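Alright, structures below, take your time with them.
Each of the two complexes below includes subunit A, the first together with subunit B, the second together with subunit C.
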Partner chain A sequence: MVLVIFGVVTLTFFVVRLVPGDPARLMEPPGTPESIIQTVRQQIGTDRPIPVQYVDFLSGLVRGDLGKSFRGGRPVAESVAKALPNTLLLGLVSMVVATVLSVLTGIAAALRPNSWIDRAVLVVVSVAQSTPNFWLGVMLVLIFAIEFQWFPAIDMAGPASFVLPGATLVVTLFPLLVRTVRQSLLDSLGEDYVRAARARGLPEHRVLLVHVMKVAAVPLITLVGLQAGFVLGGAVVVESIFNWPGIGNLALKAIQDRDFPMIQGTVLVIAGVFTLINVVVDLTYAALDPRIRY
Partner chain B sequence: MPRSIPASATELAAQPNGLAPATSRVVERPGLKDLTRFLRRRKSALIGLLSFAGILALAVLAPVISPYDPLKQDIANGLKPPAWNAGGSFVHPLGTDSLGRDIASRLLWGARNSLLISISAVLLGSSIGFVLGLLSGFFGGWVDAVLMRVSDIQLAFPFVLFAIAVLGVSLERPPVLLIAVLGLTSWMVYARVVRSRVLSEREKDYVKAARSLGAGQARVLLKYIVPNVWQVVPVIAMLSLGFLIIVESLLSFLALGLTPPTPSWGSMLAEGRQYMLVSPWMPLFPGLAIVGTVLAVNLAADGLTDYFDPKLAKGQFRRVRLLGAWTANEQAGDSLLKVHALNTIFPLEGATIRAVKDVSFEVERGRVLGIVGESGSGKSVLALSIIQLLDAPGVVASGQILMNGQDLVRISDREIGAIRGKRIGMIFQNPGASLNPVLTIGFQLNETLVQHRKLSGAAARRAAVRALALVGIGDPERLLKAYPFQLSGGMQQRVMIALAMSCEPDVLIADEPTTALDVTTQAQLLDRLDDLRLRLSTSIIFITHDIALLADFADTIMVMYAGQVCEIGARDRVIRTPRHPYTQALLNSVTRTDALGTKRLNAIPGDPPDPSELPPGCPFANRCPHAMDICWQANPTLTMVESAHHAACYLLTGEGSAKVSRQ
Partner chain C sequence: MDHQQEELLRKLGAGQISRRQFLYTASLLGLSAGLAEPIAACSTGPQGGGPTGSVRFLVAESFWANWHPYLHTAQVQRRLEQQIFDHLVEIESNDFSKYSPGLAKSWKQVDDTTLEVTLQQGVKFHKGQEFTADDVKASIELATGASAETEKMSTAGRFVPTTVEVVDKHTARLKTKTPFAPLLNELSILPILSSADIKSGTAALKAAPNGTGPFKVTTDEKDKKSMQAFSGYWRGSPKIKTLVWEFIQDSQTRLNALLAGQAQAIDRVPPEQIQVIKGSSHVSMISATGLENVNLWMRQDPPAPWDNPKVREAVAWSIDREALVKNLVGGASEVAKSLLPNHAAFAVPQSPSYTFDPEKAKAALSAAGVTQTPEFVLWGTTGFLPRSREVVEAIADSLQKTGFRPKVTITDVAAIIDALFGKDRTNGLMFHLSWSSTGDPHSALSLLYHSPGAWSGAHDPKIDDWLDRGAATQQSDARAKIYGDLQQYLWKMVPHIPLYNSDFTIAHSKNLTGIRALSNFMTYFYPASMGG
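Now for the complex of A and B:
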């Protein structure tokens, strides 16, 4: 787990330095004399050999120091710490809404396979799956922020500002969740133990909520965990469209500015959060399925 | 193919419903030949494929059909609306952008770029993934270990972010770079799926046989393994194509795609976003193009998935009540359960399978009715009909199942719910699968007791312990906390019996309860069942393919063949003087040790008829050594041969006696 984070961070470190594009030159207006650029390089430390920079970066990491931003010199850790809660809050709200919505829809579809409800759900899911979230975000802004002016289009200011970015993320998450809920319900509904539970005269709601759901929940939890990764990835896009002060927006700006410490810092935090979620998922898994023990 | 009776346990396990011997055929992976036929049935997949082909054609023909050069600027005519809006004209059917470039032309050229990049990336990713998966699965060892760890790391991280980081710092972004980035980040899925397919294929008999005959590694791989694993590649490729089209557009939307001014859907969208206040159609069109293309690809992908990987449509339980009052058919004095002229059918596409045909019988209190027949004879469907738990599309078409003055096929769902478990208990063939794997034994016993006997916590617990003790479990307290997977097969089946008997039902239906168990455990369980029957005076319907089991256990024996009863009678009469040739054959097939000490197994030659195409005559005629002309023309009905003994055969009625036997 630590290995994965370490691998990702190391990879990012070298890739940003090995591809062309000198951050020092970008920070100054075009036509700035080479001597000034060289001073800037010395200031931000990109003049040293890459292995030296790497050792420096690692020793900072051990001390919990993520370095200073190339732009403005603020500590990366501080910016990241400020942005992360905003991303997590938006992500959490969207995950919860998407999960609740898709569990309900998935159950409705699975209870009557091939009925009109099931077909309608599958059509909606197909369309949602084919809709890129960056386009959806733009369209939502166009309709609900510009045309009707119901919700704010940008920034994080109160509950209403969660609606449009949240809706965009929910639509992105929805299709795969619904498909999984539906399929795992259909799979467990056909199992022998479900028939056996019915043969014991248990009422249908109990069969569904206890016997079917407890087994079907296991793949669902795994998926929700995996989806958390997509929320973090999707945050980059959604946050940039809605100018959300989160980690994704920070990362994208850092990439555009070639702000190496900031890129490394944001990637590290995203990888860390992602891995942490996976650990939590594994533990929940074990709690739900007695056959798994760690 | 000669077929021995009793069939092996595995064969039965493969046919849980005892339906359709057709399901035991080897499932062959479909080839491309049948694809057209499949597409004709799956309209959505056909529409998807055709639309995608259409979009592809537009993209290829873009240089020919696009009305303008996509890069030609005409500032004077900038931000023209589409033709149907006020101020628009057919000179620019979809309007122009801020620099006066024709939007329709740019969309066409954008399709060309988007599809070129995503299709090439898919080809790159799938080739790398396929080859690596093959090698990894086939050779194993360190190659496998290294590849799987690398893919673990790649899968553990949202790699789109990585792609953004790489592309973000590159100043020039030619198509090759995009293809490489997208292709190299998508090989893992192919590799993993192909690898697991190869692993299972490698262990198959024909591959092992080829190896033992000295076929070289390369030959085994190319001739035997590749033909059986390649099918997963187009499916994943199609699924990943839709995803990559979106990712490519996303990258150009974030100004990380092709270097401008090359048109692409994503960059047009980003540009449109800047002008959406004045020209809301500008972000609309490229978005619609993306949604349409990806939707077409996804529909085709869904179709391909189902085509190459057909999931056996698992039957869903759905009870269909018979309506209308039942005609007076008074329940006879001692009988607890009376089945009268029961017909259960499975209406399938093209044919209706009559799984149970005109079956009637009675069960008396405290007695054992043994039902015997080959797999596919309808005995399990009969059991499920009684307890009203048929899998769709099975329905009871006519008949009555009378118990305590109620007709089980006509009462409401609530009423049948009160009978299941409380008045009729059921034990299934596969105890491991019939216990919920994630709930403890105690929980499952408890919920049943609470449901039917309205017991409270402590009382339910005592009752649960008693139920377990009753089936001979030594340490019931400890077992309550155990999960099914911690128990042996024999213990699991005891738990199933305890569950079924915990509410002291009047009737216990046991459907092949001992088939999955070894012989010693089998005998112990039969003793338990008999003991319970005597103690609680429960009636038992015992279903089996092994007539020998019934010889000392059943009071009455009913022999079923192709959904109908061919012989029914008191045990001694059926065993000692079987009258139907099928019963005689069944008894003959029981393993015996003859005088010389050698074991013989007399198989019944031939196969039972296809249940969807039953012949007009006796269904056993094609395997019967005494078949006569009439046997091929009409189906005999049950006739009484002596008291408490009926059989359905023309040999007994004399109708065919004058005619010469066919053999």
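Now for the complex of A and C:
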């Protein structure tokens, strides 16, 4: 885990410095003499050789210091700490809703394969999968925030404000999850242990919820772990549409400003959270399937 | 407003619940966003008669990294400063030759190089210091480069060094080294700082603003500047209690917020949104042709091809500017008729009017001795100038028809600025930057074309001479002649390819009355007010 995060932050550190765009030049008006630009570089530390900057960055990291933003000099850790819970909360709400909906819909479809319910689910899944989230977000705002005025159009301002960005993320997450649930259930329902359970006279709901779901949940949990990465990284678009004060928005603006410390800080935290979620997912496998040991 | 909201507000007004309880309950009901205004209104009380209401203004450009008003040329920051600082004189309409009293109650030209100003009395800075002639002296000497301050001020390029003699507490004499005709125009956008703050040094000025303007900053976040009415404002307290300027890059998000009532004003409305706004019953617009030239920028200091004026002319003959304005940019934008904005003082429409003419483009290339046009990058960005990607693609298409070989690269601002102004700059053309001015040719042209520091990188002594003489000449007729000659020369030399003057459209809630926006992009929230 530490190695993965180390790799990500190292890669980010060097990539942002190789991409064209001098942060010092961006902080001064066009036509500013080179001597002034050089002074700004000295102030923000980008005049030093890149390896020196890297060692400085790593030593700060060890001390828990993510540095200060080039823009205004605020501590990066402070900005990240403010933005991260907002993204996590939106992500968590969306993941929970998407997972519950997917499980219910997936069960309904898998229990009656090729029925009208199954076909309707597949149609909905196809439509949802081919709907771009930037378009969907705007449409939801136009209908539910502007036309009906039921929910806020932008900002994180109370529980109601979670509905539209959450719905946008849920529609994006839903198709893959529901397909996985349906397919896992279909595979499991044909297994010998299910026939054996039914033969023992167990009620159908017990067969389904205790025996089948436990096995079918393994791929679902893998997917939820992977989708968490999408929610963290892909939240940029949704956060931009809804002006959500999350880490995606923070990272996007940092990239535009070439605010190196802020980019490094946001990527580090996103990588850390993503890795942590996947560790939890791996540990969950063992709880669900006794054959898996670490 | 639904029943729950009404009931909550009734209880709050009757004192049956505290503001804390009110906010908690409203939050639980998910109503807090929609109730921001009523909360603000309730907080002053019905009998208070003080400022009421909140205004949230969403802007399209990110704010400058610090608060030092003399160290940047960013338009949005200057507009923000307009709410916080005052100026010696003000421009109140789109007639940029008329000045109204600001911190200067009156003024008179004593001789060619001396302007005496009599200052308003009873003016206070937000931090409580009294405004005096010492503040005018410290501010002007710092901003114009006349003081011993070592850091180069961006404002200094607009002025000639100007010293200030303090006659008494409320009278000052501004003395320029040479006669300086645009002095009043420049003073109209020069924020006056406190001499005590200036003595504290550059770091203090960068950290926090302290002006005499109608609003004072309460919360300073990178993309959000929250202000509240300055009750001690010398012209009378603002009617708006809370004013928030917030950067939201996406124009659709800005529009959504306005239409949903979460913002009261939005900036830089793109043409495709104008019909939507016209169709809304609770939103209005203010439109003007901006004093802002949008050009295709290039450097002339790396070698070929842009150091040759005939090649630049060929580019000018390769672009259908009318079509760009009519079909893409729209609004109140106009084809540029000069390198001076069309509505600036002394602007004269130039001829020939460059339009798409492949034969003339080829003739210009032939006159330049160019047989094989080089490949170059046509840089563009998205997000700030309306329909920038489409404009860049249309320009590339036109250029290809006359034999140029542009390669379109759409990237972000940082990369594009580096490509044109950085050490390893390329020989590309760039569509992104625009330059807005205050209506005087000096502010419109000197920073762009006077060497050293001209954006083109060129050093043309003829241009420098015209600009110097234009600034030093007081008589209007003589200035008109100088700037007429300069415009003709610039049009012939095409140091940048003129495209259009921007559309400047602000949309605002109809409840917000009295907001003003001028074609120099200044946007005034004083003495505007929020209705119910």
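Remarks
We adopt the following convention: the second predicted complex is superposed on the first by the 294 of 294 C-alpha atoms of A that agree within 3 Å, B and C clash if a C-alpha of one lies under 4 Å from a C-alpha of the other, contacts with A are read in each partner's own complex, and residues count from 1 in each chain.
Just so we're on the same page, a contact is a pair of C-beta atoms (placed from the backbone, for glycine too) under 8 Å apart; a residue touches a chain by one contact, two chains touch by 3 or more.
Only a predicted model underlies this, so the values are computations on that prediction, with no experimental measurement involved.
When both complexes are superposed on subunit A, subunit B and subunit C clash. With both structures placed on the common chain, the touch criterion links A:A216 to neither subunit B nor subunit C. Looking at the shared chain after the overlay, A:V103 reaches neither subunit B nor subunit C. By the touch criterion defined above, A:L11 reaches subunit B but does not reach subunit C. For subunit A, the partner with contacts to more residues, out of subunit B and subunit C, is B. Looking at the shared chain after the overlay, A:V121 reaches neither subunit B nor subunit C. By the touch criterion defined above, A:S240 reaches both subunit B and subunit C.
Contact with neither subunit B nor subunit C is seen for A:L173 once the two complexes are overlaid on the shared chain. In the superposition on chain A, A:V138 makes contact with both subunit B and subunit C.
Of the two partner chains placed by superposition, only subunit B is touched by A:F230; subunit C is not.
Of the two partner chains, subunit C is the only one touched by A:G72; subunit B is not.
Looking at subunit A, you'll find residues 19-21, 138, 141-142, 146, 240, 255-256, 258 touch subunit B in one structure and subunit C in the other.
For subunit A in complex with subunit B, the touching residues are 4, 7-8, 11-12, 15-16, 19-21, 113, 126-127, 129-132, 134-135, 138-139, 141-142, 146, 186-187, 189-204, 206, 210-211, 214-215, 218, 229-230, 232-233, 236-237, 240, 251-252, 255-256, 258, 263, 267, 270-271, 274-275, 278, 288-291. Of all the residues in subunit B, the ones that touch subunit A in their complex are 16, 152-153, 156-158, 160-162, 164-166, 168-171, 242, 246, 249-250, 253-254, 266, 269, 272-273, 276-277, 280, 283-284, 286-287, 290-292, 294-295, 297-299, 302, 314-317, 387, 389, 413, 417-422, 425-426, 428, 430, 433-440, 444, 447-448, 451-452, 483, 485, 496, 499-500. Of all the residues in subunit C, the ones that touch subunit A in their complex are 26-34, 62, 65-66, 72-74, 152, 154, 222-223, 248-250, 252-253, 256-257, 259-262, 411-415, 417-423, 433, 447-448, 452-455.
Note for the complex: subunit A touches subunit C at residues 19-23, 25-34, 36, 69-72, 74, 79, 138, 141-142, 145-146, 149, 151-155, 157-161, 240-243, 253, 255-258.
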